[in-house]
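Below you'll find the structures, each written out as structure tokens.
Common to both upcoming complexes is chain A, partnered first by chain B, then by chain C.
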Partner chain A sequence: MSNNRKVKDVIVKTAADLFTPIALVLGFYIILHGHLSPGGGFQGGVLVASAVILIYLGYGYSEVSKRFNMEFIKKNEALGAILFTVFGLAGILYGSVFFTNVFVGIGNVGDLISSGTIMFMNDSVGYKVLTGVGFLILLMIGLLAPDNEN
Partner chain B sequence: MQHYPILSIVTLFLGAFLTVIFGSKNETVRKFIALVASSISLILVLMLIKPVMIENNVIQYWMGNWRPIHDWAIGIGLEVDSLGLFFGIIAVVTIFLSIVFSFRYTEKDSETDKYYVLFLMLSGSVLGLVFTGDLFNMFVMIEIMTFAAVGLTAFRNYQEGALEAALKYLVLGSIGSSLVLAGTITIYSQVHTLNMAQISALLFNNLTPSTLFAFALLLAGYSLKAFVVPFHPAAPDAYMSAPSSISMAFSGMVNKAGVYAIIRLVYVLYHAMSFKSIQLLLIIIGTITMFVGVTMALAQNDFKRLLAFHSISQIGYVITAVGVSTALGLTAGLYHALNHTLFKGLLFLTAGAVFYATGTTDLNKLGGLAKKMPQTAAVFLIGAFSISGLPPFNGFVSKWLVYQATYQANLAPVTIVALLVSVMTLASFIKVAQSIFFGQMPKEFENVKEVPLSMRIPMWIMAILCVLTGIFPNFVTKYLISPAVSAALNVGKYIDIMMGNGYAEKILGKPVEIPAVDYVLAGYWNPVAWLVLFALLLLAVTIVAVAGGFNTASLPVDGDDSKYEVFFGGEANEYSHVKGNDLFWGLKYDLRHYFGFMHDAHSGIINDYALWAIFTTTIFIVYIFLLVP
Partner chain C sequence: MKRFAIAFSLVVFLLMGSYAMYYSSTLDRTYSGTKLSEVLKPEQNYDLEKPDGVANIMIRENLKRTRAVNAVTAVVFDYRGYDTLGESFILLTAIAGSVVILKSNKKGSDTNVK
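On to the complex of A and B.
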């Protein structure tokens, strides 16, 4: 079926080329500004991960499987989780309780680096979600791929 | 001390994440991480015994220091009282022993990094569930728990039925989680808070149809997680297909998490045990659970499936005793929950040992293993005696308390059912012992060896704990059970610790009385006397046995006498092991209509089971609407 044909659709390919950077930039923007504006780690992470789908739509499974190393992504997801836990534990290290926001006084309110560790917790969530959801998408499109391409 | 609960949870999750990064290549590293994480967690939780159990403190912990403002809880809080800690201790002991057991047990499996990751997530979520003071956090933890459990059920996916079992667990577990979520949001929409202490205060004498609806949903959802009977059919499949160390964790802590949630729900959140109808509901579902579980177990031919049905049956005892709602009943329920963790964990480990040694758990294929695996057989007998309630093992104490509690509450029929169930438990374990460890050994198991030391150590620890909790019931009751019972009954303190002193009195509108808990109860039996009696009997048997002297040369020895010669003694006996199926055929024949009905009911189709779950939930809702206020 359509899985077997070479992807040559110019419109889809061009759209993928065009929208992938937008998805990445918007996603990272939302992750980084999670403590200042609506959105946050999860929403931004899902946006970044959607870039995988765009590349798949434009270039097919063979290209995607060449570009992404699933083992590496899996380990980075765990890294995101570990970072989140470590920032949570920082609260205990600084004499308060788990998940306490420390280093609050640094920076002016409204700046990117202004709200202490909550920003880094948010970023770790974003990192975990972009790798986790990206991994899930890769897994799913891997199942869609025809056997001869595997 | 204040940080111990959160650290014990975080350690397990951190261990899981570290295993993903560092444990994927090297077997030793992942074992090391799992061992360190579970031991740290074990030590941290055990260190809480002194402040919480003995000095009777309650630990409150607001994440991120978001304390209540104007008497309104705005953050997520942990609250560790004796009840939570009691189940926490059960969980960490199970986790630690199960991890130690699985080191050698999983050596033939590939990709054990995923096993340890999921196991540590499961452990962390159970600890989080019992330590949290936030209703939505409970849902999150139970969701992590369910999905980790589903993954672990399918871990040996080359085994027949493992994927099917995982799918059943996934569907039924998701129905349970959805019910819990629906109940949680219904409560939130009514009282606008998720903190359990505050909900408990606001719901006191303030039950509306909406909150009752939420109560029914939560009760059904958590009952599904505890696998009480109409919700049980995912459990036997899951327990059978999962590795034995995981089956132990399922019956030791995943089940108990559901039981904990039910106790927390009916005693603390809704103060519901003052209603006769709720007591009756719990007693009815508990009695049905224990009866159906044990009769189904009698008909099983697989060791682990049989144990799974016994697990359901023993949970029935716990729910019944909890439903009696006197201090004695709650004591009996919690004691039985503890004992169930110990002996059922032990039995699942012996099942794992048998599987490790022989490659099967089918009762009709095994036999005579006691000669080859003497230690496994010994600990199996301890576990079987404990679960059947023989003195001086721990099952006797808690079952005695259950009988006493139900009888004193004028529920003699329930006592009779409980006794019957106990007898049938003994019967089915005679069957297991006969068909696995005694009788004749099939030819193919002649080279079977005893399992390695690292698998025997957890089994012996469990066995020793089974004996100790049976011989020293007063000690266990004093330091573990009665603080947990008084914590469950003393709702005012639970509220005050979290929301600030005087909050409970202000909301409840009356001084918070601390219920007097009377413990003149376990004195009806004296384990030491029984132990002395058994020792005397053993001595007498030994004396009689050696009275004839040790000279056995005069006895004919098989093979070199004329016994087997043709025309004299007949032929050498052929292999004639009495199989598990052959025992109790009379009982099974007499009750064939009942067994036929149960066989047809357990159709193995997920749609049917989902229908049961929804149907029972509907019955809960109707029952509670009709009878509660």
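On to the complex of A and C.
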């Protein structure tokens, strides 16, 4: 695939336009419903991060580097890891051991907000994976970009 | 002073760890208080119809303990939380390593990793 083209293929561009919102919505659905339906933080995070690849295929590296701030994404990945550890430490703060499931009682079984720290850990892992894998993809397609397209 | 602080904290961690090891050795071996010899039966006497031990807890008491409908997520984030912690930090370390390796190969960039 030639990277020097200014105008990408219409088919690829249309497919990217069509599938990017689907990938985003499905990924966020899988992250948020990780404790209710098959899936979880890791899988949904990778699905959301695949939107970066779709935008790159459709619009090239110049558009991607204009839209995404890599410093911001890198800091947010560390934030996701810190959040996950904090929800693990919540067990100690509640007077039990590390990674205990505290405040289990909230919500009914099957609700979106239920199952205690499992939901929060799931969401923070999803956030961490979507920023981390997105950052990795941005870093790698930054190497593919030719000099004149920066 | 700094060396003293490091040595002091290491000694405290060592003492606390030794006490935790001693205390956990005095506890019951299994979750419900049954003897370990009752759980680990000979293979021919093993009842395959009825799960026991951790499998029993995970299958039968999952909804009561965690209230998560998806049992796999309950296992990943509750019963085996340490595993998930290690996994996510492996991802963090891998990405940090790729930044270190790929940053030096970057061709004259502006807004990227510094």
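The criterion applied here is as follows: the second predicted complex is superposed on the first by the 148 of 150 C-alpha atoms of A that agree within 3 Å, B and C clash if a C-alpha of one lies under 4 Å from a C-alpha of the other, contacts with A are read in each partner's own complex, and residues count from 1 in each chain.
Convention: a contact is a pair of C-beta atoms (placed from the backbone, for glycine too) under 8 Å apart; a residue touches a chain by one contact, two chains touch by 3 or more.
Values in this document were obtained by computation on a predicted structure and should not be read as measured data.
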**Request:** After aligning the two structures on chain A, examine chain B and chain C and state clash or fit.
**Result:** clash
**Message:** Let me test your reading of the model: by the given contact rule, A:Val102 touches which partner, first (chain B), second (chain C), both or neither?
**Reply:** neither
**Asked** When the two structures are laid over each other on chain A, which of chain B and chain C touches more residues of chain A?
**Response** C
**Asked** What is the contact status of A:Ile92 with respect to chain B (first) and chain C (second): first, second, both, or neither?
**Response** first
**Message:** Contact-wise, after the overlay, does A:Ser65 reach chain B, chain C, both or neither (first, second, both, neither)?
**Reply:** second
**Asked** When the two structures are overlaid on chain A, which partner does A:Val129 contact: first (chain B), second (chain C), both, or neither?
**Response** second
**Message:** Contacts for A:Ala15 in the overlay, against chain B (first) and chain C (second): which applies, first, second, both or neither?
**Reply:** neither
**Prompt:** Should A:Lys74 be classified as contacting the first partner (chain B), the second (chain C), both, or neither?
**Reply:** both
**Request:** Give one of first, second, both or neither to describe whether A:Ile82 is in contact with chain B, with chain C, with both, or with none.
**Result:** first
**Request:** Could you pull out which residues of chain A sit against chain B in one structure and against chain C in the other?
**Result:** 71, 74, 77-78, 81, 85, 88, 98-99, 101
**Residues of chain B defined as touching chain A within the complex** = 2-3, 6-7, 10, 13-14, 17-18, 20-21, 24, 61-65
**Prompt:** Quick one: in the complex, what on chain C touches chain A?
**Reply:** 63, 65-70, 72-74, 76-78, 81-82, 84-85, 87-89, 91-92, 95, 98-99, 102, 105-114
**Message:** Please output the residues of chain A touching chain B within their complex, sorted ascending.
**Reply:** 71, 74-75, 77-79, 81-82, 85, 88-89, 91-92, 96-101
**Item:** Interface residues, chain A side, partner chain C - complex
**Value:** 34-38, 40, 42, 65, 69-71, 74, 77-78, 81, 84-85, 88, 98-99, 101, 104-105, 107, 109-110, 114-119, 121-122, 125, 128-129, 132-133, 135-136, 139-140, 142-143, 147, 150
